[in-house]
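In what follows, structures are represented as structure tokens.
One chain, chain A, links the two complexes that follow: it is found with chain B in the first and with chain C in the second.
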Partner chain A sequence: MASPEVHHLFHHPIADHSFSADRKALAVARDNNVELYTRSGSKFTLQDELKGHDKTVTSVDIAPTTGRIVTCSQDRNAYVWEPSPTGWKPTLVLLRINRAATFVRWSPSEAKFAVGSGARVIAVCYFESENDWWVSKHLKKPIRSTITALAWHPNSVLLAAGSTDAHARVFSSFIKGVDERPEGSVWGERLPFGTVCGEYLNNEAGWVHGVAFSPSGNALAFTAHDSSVTVVYPSGPDEPPRAVVSLSLQVLPFLSLIWNGESEIIAAGYDCEAYRLQGNEQGWQIVGSMESKGRPGLGEMREESALNMFRQMDLKGKSKDDTQLKTVHQNTIATIRAYDVAGGNVKKFSSSGVDGRVVIWST
Partner chain B sequence: MMLPSPCSIGSTHNSELYKHARLYTFSSETKEKLRKFRLGTSRAKDPQAVIYQIDKSNLEIAQADDTVYTNMQELAEELPPHSPRYVLLSYPLTLASGRQSVPYVLLYYLPVTCNAELRMLYAGAKELMRNTAEVGRVIELADTEDLETIEEKLGGEQ
Partner chain C sequence: MATANWRTINIDLLDPDSPSNFSLTSLLPTLAPVSLPEVQNLSSQIRQLLRGGDTEGALRGALENAPYGGDAAAKDLHLQTVSEILQSIKQSEMSPLLTRIYTSPGGPETLDVLMKYLYKGMSAPPSAPGSAGGSRSLTPQATGFSQIGGRVGGGEGGGQAMSVLLSWHEKLVEVAGMGCIVRVMTDRRTV
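Let's turn to the complex of A and B:
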């Protein structure tokens, strides 16, 4: 396992991060702004700052093909940033929500994006060329609480949403004129906007923190605050799912998860490290941490430990330096995203967390 | 000499119309069509509706298409989801008292997703449209779903 690439950008929490398609640009949410970094050699240097939001930016996403950046914030707004020769130009999108926006993601087709909010509503936004502005349509029923996570199905019509009402739901966000009619799938056929294709509850009714569709779109995984990961395999519309596998774990809850192929999930959260889970319809099990026990940097410390030991004893009155976690991330990992994907298989993934680090891992 | 007053909303004094005429225009053809429509629909047996829109480039108010809609469903489908429109509607009703009445109203269709520019454009011309078309009432619609209950709204005020 190659050693991870660590980028300690600053000493503030990173709410969300996103890489551009060529992986040369990195957008990182930092307080009220989004910082854009470019890769120069092996480091990322600050290149630009997207200022526009009045309150904490909760989520950021860069569209791979068009290069547009969408950001959403606790100030109830979302901006679409377009690259221009004179810098980034923001366009305000009227979400018509009366609470904070919590999560935003572009659809795979990049013609629309979905914003989860604390207003118990998901705003699906698309560009109306006739009036030259972004319009939002709301998914309201049957959401009963804040939306914490969103994930798009590869067909850009189905949208999975995790909420603090302990449900993970799959909605259809089909918009006439913007989407092509999707082929029938296990989630249903002929799905008008707002249809709930599935609603799943986890065992202990804990808040759902992360949702993800498998690369084919035929399975949905979500993780909740009761330290469980549930994988749903639907069989057809209006039919009970083929399998709902719920895995209760002894580790701390996961906040974010991604699929690596159809039978592996990588999840990370409050334990500050990423874990690997493998399985199929018959069952899932946790395989282990993605980090090797002796992380880089730990070895060097052991070499100087004699010098350090006496120095520590002199300075702090103790001989062991245990102020740092043994993991690379020193605080909760808030987001993991696929970095290097080939046909559904993730070769590298990136993580960002409360410690201000963005780390790129190899699977 | 008639000095233009800054606020003339609700005024039906003829000279006030010419003040607005500097901004929005009706071609004489359109005015003729409006008159014919109003006079011709009072004897109709089924609802008659026409859609009017404002051309953003020259601020001219004209009929959106040449169809007269007799079915509320069709009308609902034709109304755009994110743009305002004016609809002149003549709807034959039989009131609770048994009396027949054919109210002629202006439907001011303004979806919540319209941008501010469009809202201001249509809001500014609303009174002018009302006076030029010589309608009795203006009913505001936020959604095409509101068309389904239009009969109740019309019967209400008689």
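Let's turn to the complex of A and C:
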């Protein structure tokens, strides 16, 4: 396992990050702006800033093929940023929400994106060429609280949403004229806009932090604040799911998770490190941490001369500096994303968190 | 209306779709109601196990049948049963017992329930074992923890019970981890 590539961008929380398709550009949500970094050698340098939001930016996503950037913020707005000769040009999206926008993701087709919000709606947005702007349709029922996370099914029609009402739900976001009619799947055959294809709740009813579809789209995983990961295997429309596997963990809750193939999940959160989980319909278990223990740098720090030790004791009243966590991230990991995917398997993934670091890990 | 302080108006009450205007219970799993006699019956069965020396069986039985749907008196009686079991187990037996429960099927959930009882025990004023509950003053909130005020009446007899609970807490966190504490704080099913 190669050691992780650590980029300490600044001393400020990173709400969300996104890499461009060629992995040369990195967008990072910092306060009210989105900062664009480009790779030069082994480092990322600040290239541009997307200014437009007047409250904290909560989420950012770069579309892989079109290169468009979508951002959303607590100011209840979302912008689509397109490159132009004079710089990035924002287009306002009509979200029609009266609370903060919390989460945004492009659909795999990149023809639309979904914005989760505190107004108990998901705005599914698409471009209307006759009016030349982005409009939205609302997914409302039966959401009873803030949407915290969204994930797209590979067919770009089904959308999974996690909410603070402790439910993970799967909706159809089929929009006529934008989407092609999807093939029937385990989630349903006919899928008009707003169909609820599944609604899942844990026994402990912790609010949901992260959701993810498996690469095939036939399983849904979500992580909640009851420190659990639940994997749902649906069997067909209007039938109870084939298996719902819920795993209670010893560690602090996860905030974000991604699938690596159909039988592995990588998740990270309040424990400041990423964990690997493996399993199938029969059961899941936590396999271990993604951190390689005994990293170079960790030992060097501990090696101290006697002089230094006494100096530390004199200055700080203790000989060891224990303000450093043993993990790469020094604070909560807020987002993990796949970085390098080959045939449904994640070769590398990236994480960002409250400590202002973006780290690229190899699995 | 010019004098109305519009900043203090709770706009959520004016919105029919707002969470202030629907019952939270519609979102949560329903709990089967448990009556006081059922809990009394259960607690006498568990005492029997305890007298027979089967502390592990008694603890499991008590934790797996926690009266989530019971009223305050039923929950209180069960708390007393559980704390009696906890006090009858020696400190050296705690860790092996917890590890055995944790590795058995359904074990993590059982230990979550134990953590709930530990926090509830720390929040409630202790009482002499044997006196059937119901007459004791209850903590005003149904959360089961964070009630430091509820401990005021504890007196000198409370120290002993509290140290038992604290050593259980320490051992339990070693086995079930921090996730166990987070689950207890998140779970709306209180004991």
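Operating definition for what follows: the second predicted complex is superposed on the first by the 356 of 363 C-alpha atoms of A that agree within 3 Å, B and C clash if a C-alpha of one lies under 4 Å from a C-alpha of the other, contacts with A are read in each partner's own complex, and residues count from 1 in each chain.
The rule we apply is simple: a residue touches a chain if its C-beta (ideal position, glycine included) is under 8 Å from a C-beta of that chain, and two chains touch if they have at least 3 such contacts.
It should be emphasised that the depicted structure is a prediction, and the values quoted were computed from it without experimental measurement.
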{"item": "Three-chain arrangement built on chain A, chain B and chain C clash or fit", "value": "fit"}
{"item": "Contacts of A:E128 with chain B and chain C, given as first, second, both or neither", "value": "first"}
{"item": "First, second, both or neither for A:Q282, with chain B first and chain C second", "value": "neither"}
{"item": "Partner touching more residues of chain A, whether chain B or chain C", "value": "C"}
{"item": "Chain B versus chain C as contact partner of A:S136, first or second or both or neither", "value": "first"}
{"item": "Touched partner set for A:S227, first chain B, second chain C, both or neither", "value": "second"}
{"item": "First, second, both or neither for A:R96, with chain B first and chain C second", "value": "first"}
{"item": "Contacts of A:V251 with chain B and chain C, given as first, second, both or neither", "value": "second"}
{"item": "Overlay on chain A, chain C to chain B nearest C-alpha distance, Å", "value": "19"}
{"item": "Overlap of chain C and chain B interfaces on chain A (superposed complexes)", "value": "none"}
{"item": "Complex contact set, residues of chain C against chain A", "value": "17, 19, 22, 27-29, 108-109, 112, 176-180, 182-183, 186-189"}
{"item": "Interface residues, chain A side, partner chain C - complex", "value": "120, 144-145, 165-167, 201, 203-207, 224-228, 248-253"}
{"item": "Interface residues, chain A side, partner chain B - complex", "value": "94, 96, 128, 130-131, 133, 135-137"}
{"item": "Touching residues (chain side chain B, partner chain A) in the complex", "value": "80-83, 112-115, 118"}
